[in-house]
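Multiple structures are listed underneath, in structure tokens.
Shared between the two complexes below is chain A, which pairs with chain B and chain C, respectively.
Up next, the complex of A and B:
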């Protein structure tokens, strides 16, 4: 019955890779939105906002993504919802991504020289105006390379969703292995596909870093 | 939400958790020590090594950094036996962690080495130090000191990532949690407890690494 050709293996893996790509995009976009909210809470003036954001980030960066996936999977179920794996996967990955992006972006905002705050405030700008016209445009240039770099972590993070049963590239790899008994070939291909997804992102992050090389200007 | 939380199982199953913690700690210690050593060797090869070695190390680093840890683990545990390299789940888990940390460590340490001014090498040579002595005392130790915080975070990340080794049946903390929830059907409580333990491990590990940094690099911090 072992009539899987190499092409069959690769085709099945590539079909499943679509879900890896889709989940990565959803996680990254969703994580960015939540991340922006967290960022504003983290660098805000109040007392509750920064404390909450700090705890949130510490919790999500200090625990394994796999545990977060399990907790989302079984935790959402406590509310009587029948949780499909894709939903738990998306929720956990979005919350996880948000924590890391918020922390990366905080560093970028703080890299903007203090004088910029003082100068814009002496021009009579309010907090939101300062953010919109002075701080964020500068922080954004610093933020692009590490943000693109982190997207690699998101793509790789989606591999763990196979463990809670979401059928993406890694899960497909296990399933195809079970059908073909050729783990070396199959996981080799799986690794290769992940590499093809991630490497362009890593490389463009490096190139952007060189091009924007803002870390040494800007002051 | 009509769900009564029940942590009663902890009374019966804490030895299982404890054993799992032991394996996770062991994996982290071995993986951390060997992984950092591999990272140093690779950073040396990439920054100062012979020309033929550089592309090989570069390919290894890119390969590892752009594929998920889970797949590296599966490839080592399920794939390599096809080449006749068969190993138990714990050695496989350890090997995967070392290879993974080695690649990330290489990049981090290399960044530290490249920040060393060129004149330092020459200064070392003019003091009559051998190449190896210069590398060790003049280049590596200050480089490590410079990137120690980044390296520490990476070690913590590898420790947290080790949760995946439960998937090849290495009996770490996650494996223990899987086992307990399959017995008690208290999935949420079990994973919640395991998550808290991981958090505590991460905090403790971070402090230990900071302390280790102070011990290895005494005084020089004052710059």
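Up next, the complex of A and C:
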């Protein structure tokens, strides 16, 4: 009765992997935008901004991504709002990514020496000018490797969205297994595809780290 | 009217009162050395004049304008008063020339070509015209500090604050920086410098301020302060034993 070829399995998984890639990109880009806003709130001078951003970051870092997905998917449903799985998945992943990126970037901004703030202040620059011309260009160099490194976490995080019924690579793996009864082959392929997505990212993070360090020393 | 008027300035960090009522008036063209033990409040005083620290009491005015802690007033003040730091604080991601150009373009909105001409001129003035395209980490400490001076000068301040600007330098590099400062002094720039270079203070400065425990303990022309210290604290600081 088993008339699925290996190619059938792989082909279906690869088709589903497109959604994993798309969801990863959406989460990462959306998370970056929200993350920048959070970053500015977090390191700003006011009282409300930093308090809000800090609470936000602590909440999202202190709860499992799976719970956040459940809350986005089922929570809104309680209020009679029908949330499709893809929307819940994207929103939860964007908010989750933003929390982590904001915290990574805060560390990078704070790693810029205090003297840089003082020197630019004493030259008459305002806060935004200091940020734009002095602080962020230096923080950016520090930020690139950990940011690329974190994108690996985002790719792997998308696997959890299978639980709320979004059909990406992991969910497709389950579905194909149910049809073929070959879990080892199927999940082996699933793992391999994840690895092919993540490994280049990890590797490029390492290469960037080395490159930017060298660039920093010799320009 | 004095150029810089410091009146009854007090500053505390928590329970620690660092400045306990400072009064100094600086005339245009004066070169003032502030000396004293570490912890006597001399760097804090300098940082207060530039608004890097807020004062708790008293007043500071520069060329008639009061120092107020909002961004608009601070910016106006900082356009008049430049500051040079012990650690140079050049922007490491920009070349020497760009370091000097940046604040002109960003703060004063000077067109790029004009800022570049000014930067070249100022780097020439500190003897580093040929280092326009060098990055800070390709320069020696003394050269970096001279770029920092050029950067401050490019904003055309009426006074410069120098916070131990030779303390982080190797001994053989101290003189090249002091030579630039001496040159500025002879051109009539108003200078307030915290320094440990006693010989320089004696040779170049018009007045010496000795600070002790947050107060101006002695003040006067260098011949007087160095040759004839009145208080036991200054005598001890100068290593004079009578």
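Assume the second predicted complex is superposed on the first by the 210 of 219 C-alpha atoms of A that agree within 3 Å, B and C clash if a C-alpha of one lies under 4 Å from a C-alpha of the other, contacts with A are read in each partner's own complex, and residues count from 1 in each chain.
Note that a residue touches a chain if its C-beta (ideal position, glycine included) is under 8 Å from a C-beta of that chain, and two chains touch if they have at least 3 such contacts.
These figures come from a predicted structure and were not determined experimentally.
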> Are chain B and chain C a fit on chain A, or do they clash, once the structures share the same frame?
Replying inline: fit
> Looking at the overlay, what does A:80 touch: chain B (first), chain C (second), both, or neither?
Replying inline: first
> After superposition on the shared chain, which partner residues are touched by A:202: those of chain B (first), chain C (second), both, or neither?
Replying inline: first
> When the two structures are laid over each other on chain A, which of chain B and chain C touches more residues of chain A?
Replying inline: B
>> Tell me the contact category for A:111 with respect to chain B and chain C: first, second, both or neither.
In response: neither
> Hey, in the superposed model, what angle do you get at chain A between chain B and chain C, Cα centres, nearest 10 degrees?
Replying inline: 100
> Does chain B (first) or chain C (second) touch A:70, or do both, or does neither?
Replying inline: first
>> Looking at A:156 after the superposition, I want to know if it touches chain B, chain C, both of them or none. Which is it: first, second, both, neither?
In response: first
>> Contacts for A:133 in the overlay, against chain B (first) and chain C (second): which applies, first, second, both or neither?
In response: second
> Which holds for A:170: it touches chain B only (first), chain C only (second), both, or neither?
Replying inline: first
>> After the superposition on A, what does A:62 contact: first (chain B), second (chain C), both or neither?
In response: first
> Once the shared chain is lined up, is A:184 touching chain B (first), chain C (second), both, or neither of them?
Replying inline: first
> Of all C-alpha distances between chain B and chain C after superposition, which is the least, in Å?
Replying inline: 25
> Which residues of chain A are in contact with chain B in one complex and with chain C in the other?
Replying inline: none
> Which chain C residues qualify as touching chain A in the complex?
Replying inline: 50-52, 71, 74-75, 78-79, 82-83, 85, 87, 89-93, 102-103, 106-108, 135, 137-138, 148, 151-152, 155
>> Residue numbers of chain A touching chain B in their complex, please.
In response: 59, 62-68, 70-71, 74-75, 77-80, 152, 156-157, 159-160, 162-163, 170, 173-174, 177, 182-184, 186-188, 190-191, 194-195, 198-199, 202
>> Using the touch definition from the top, list the residues of chain B that touch chain A in their complex.
In response: 1-3, 62-63, 65-72, 74-75, 78-83, 156, 160-164, 167, 174, 177, 187-188, 191-192, 194-195, 198-199, 202-203
> Hey, which residues of chain A end up touching chain C in the complex?
Replying inline: 113, 115-116, 118-127, 129, 133-134, 137-138, 141, 216-217, 219
